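What follows is a single structure, written as structure tokens, with notes after it.
As written, the chains take the letters A, B and C, and residue 1 is the first residue of each chain.
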Amino acid sequence: MTAIGSNTPAWRGRTTPGSKYLSLARTTLQQAIAYRITTFFNVGLTFIWVIILYYLWRAAYSGRASIAGLSWDQMRTYVVIAYGINALVGWRTGTAMMAAIRTGDVVFEMVRPLNYCTTQLARALGFTVVEGGISMIFTLVIGLVFLHIQAPATVASALLFVLALIIGFLTKVLVVFLVSLLTFWTLNGMGLMWSQQAIMQILSGTIVPLALMPGWLQFIAKVLPLRGIVSTPLEFYLGKSGGWDAVGLIGLQAIWLVALWIVANLAWKRAFRVVEIQGG
Amino acid sequence: MSPIVSAEGLVKQFRRPKKGPGLAGAVRHLLRPRHETVTAVEGVDLSIDEGESVAYVGPNGAGKSTTIKLLTGILVPSAGRVQVCGVRPHVDRQANARNISVVFGQRTQLWWDIPVLESFRLLGDIYSVPDAAYRRTMDELVDVLDLGPLLGVPARQLSLGQRMRCDLGAALVHSPRVLFLDEPTIGLDVAVKARLREFVGSMRAQRGLTVLLTSHDLGDIEELCPRMIMIDKGHIVYDGAFAEVTRRFGWEQKVVVTLADGATDAAARAGAALARVQPVIDETATGLVVTFDSRSISSGEVIKELAVALPVVDLALEETSAESIVRRLYEGNLTFHPADQEITR
Amino acid sequence: MVRLLRIFFRLQLVQLRSALEYRADFWIAAVGAILQQLVSIVFLLTFFGHVTSLGGWSLWQILVLQGLVMAADGIREMFADGVWKLRADVNDGSFDRVLVRPIPPALQQFTALASIHGIGNTSLGLVVLVLGLARSDVGWTWWSVPVLVLTILCGTVLTASISFLTNMIAFWEPSAQSAFPTLVALMRDFAKFPLDVYGAGIRIVITVILPYGLISYYPSRLVLGVGDSPGWWATTPLIAAGASALAASIVWRRGLNHYQGVGN
């Protein structure tokens, strides 16, 4: 016989919409903590390229002070923080969603009175607390202790950095969401994930700062929303952008965020309808 | 003639880590790991002759699957000896593999996306079955199991019953001498079960196939296996004819009593009335179930006492069959004492 | 031996047929895998837009390194990717099946997965390799091509052995996810660039512990004529392949014994 009191059901008193999503986030957080060792390795995985890039750029900067307006100190900082930002939304957000679609567990989501997109956002938040936390540890240890990266250029740029980071985080989750939705129509999630990761690495400015890219590629990257995930926050961090220029960048990020949000919500409703027609 | 499957003093122990709960426990385990030894199988002796068909029953966790794994070479014994067809399974694994076949009820050995016939051909290749023998065996299997319409279908499109038929056929492609069946009829409907049992029976009769079957379906056992071995908590508690079980353990009987409304303290009053034999009394929604040892009191006397002590509306004497005994063993309602071959609750 | 080879290819063929059942998936996976490799190519091309040499190597010479690693890993993906399924098989008991068949368990494990999309990586790798060789100033000799072919084949053995070894953790830690094997496998990216740029620590690791360098950097230096390269470097791929295969077979045997000792 269970005693009434400490085990009172959770439905008592929890009816406001906001807390539904928060409790989802909390549950995912618990799951993520259980998988912390895997997360540790997965974040460590992404930092392999930080090391490679460090050495490659070090060789490039021997004998010159700046490349495309970036000094060696700034380039080092860029590389470390770019990967740190990327690790905030790891592989787990997308694969969890795709797995649910593939196995058919997504039907549970379909019969719940929740916004599917917001649900995934809440889940991503749960994962990010752990993934982001571990990423921050890597960034700080490797960045500050080993590679001596710079601090933000000014206080204003630090604030702008954080703002852009948040918008960028939401942008990335929405992009991953949209790509994962494709699993409703195809089956191979891994291929989709690989493609999305690869394209994102290039067009967000992770593998190489946008300023270094050839003109045509730079243009494409500047127009798409992916730059808001890594490049824009870093431009603020390094003090490369201020004043009206900064406003413009944040504005662009925000516009893209809204656009993606709208598309995402249209897309998942469409996807659910397709599944219903096919009979699941 | 030496037995085709023999085990002597078979023991299997596992070392399980003992971890405390939560983060503290995990850290403590990291620094000072503690283990406990779990004995899954202890002192098991088996001797099966060629052509025999033996049922191997026991509740979950009794050591059934561990024994099967020891016999098929999947696990190495902690102590004792195993021989199948003169080969030690865990030592000469590939040689042993040629003589045996295993059918797992829950898992198929067919390749999922290719037609069944392709799986058969592949198995023929893997087991190095000579062409003539392969064709002959296939003809027979296709005929007896009615596999014709299934051969061109990929395994993933088959129903459970169809898949089991194919799995059974696949297991016999290389004409093994010993066939291990692990819960083969689970989830199947009556018609398919009957067919499979018939098939296994005929394979035994025609080819002298030795069969070792584990199953929760007592119909399987009754029809296929004249001999039954019961294992409980790692020990063999019975090894003999299936029919014998009733005679040996059938002394436990039940009377199901329906009482009039408003009967109070029914259990206590019944217990008092039958105090001298100390029966087990369970209350139900409509009355009582009285379980007693028929060696110490006859069912007639029990009924008489109950009718006197309580407002009985209806009585039923539950039949004890080998089935019910084994079923209760599976349900965990019976405990065997190997030493005195007695059951207690 | 011949029989085993034949069965190996038959099992691979089965996986190939299974994979082709899902045609769209094959293309998506192939495209995805290629895009992943393209990232490092895009980086290289952009990088060399601002720099003319890296540690004394030209863009085209570095493409040779990239191509060798990509091709070797692509072939491994096509033929031995099943080892990535070991953890799942051990955990759900399917591994038992492997032990009751009269063919070597390792062979069965290699063929457990259909990663025919590896052909994408292999093709890309070969294209990149040929491109790099064409534009580098190679002093072709009679042994140049054989050494390159040997390097790729030994590279396949090396990457297969390493991925096999790291996935064997599943025997001792069945709950461990595949993060660790993935991490080790990714370290081959170090070998896509000349080892000269790295610090001593990494150079030692990539040469001796995870000898990806032995199947890219050292033979390439010999063939491309970058710096002084002793002739015996032509055998480094063989050393890498031999040592890793030996290590893998030793640990595999241990792993099997462990599995048969403790079950799952």
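Heads up, the rule we're going with is that a residue touches a chain if its C-beta (ideal position, glycine included) is under 8 Å from a C-beta of that chain, and two chains touch if they have at least 3 such contacts.
Chains and their UniProt names: A = ABC-2 type transport system permease protein; B = Daunorubicin ABC transporter ATP-binding protein; C = Multidrug ABC transporter permease.
Source: prediction; values computed, not measured.
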Among line, ring, star, complete and other, which one matches the pattern of chain touches? line
Taking mean C-alpha coords per chain and comparing to the overall C-alpha mean, nearest is chain C
Of all chain pairs, the one with the highest number of C-beta contacts is A-C
Taking the mean of the C-alpha atoms as each chain's centre, how many Å separate subunit B from subunit C? 46
In whole angstrom, how far does the Cα centroid of subunit A sit from the Cα centroid of subunit B? 52
Nearest whole angstrom, what separates the Cα centre of subunit A from the Cα centre of subunit C? 29
Of all residues in subunit C, the ones touching two or more other chains: none
Show me the residue ranges of subunit C that touch subunit B in the complex, using the header's touch definition. 3, 6-7, 10-11, 14, 17-18, 21, 93-94, 96-97, 99-104, 257, 260-263
Would you mind writing out the residues of subunit A in touch with subunit C in their complex? 35, 37-42, 44-45, 48-49, 51-52, 55-56, 58-60, 67-68, 186-188, 190-195, 197-199, 201-202, 207-208, 212-214, 217
Can you list the subunit B residues touching subunit C in their complex? 14-15, 66, 69, 72-76, 90, 93-95, 97-98, 100-102, 104, 107, 109, 111-114, 118, 122, 125-128, 154
Residues of subunit C that touch subunit A when the two form their complex: 22, 24-33, 35-36, 38-40, 42-43, 46-47, 49-51, 54-55, 117, 176-177, 179-180, 182-183, 186-187, 189-190, 193, 197-199, 202
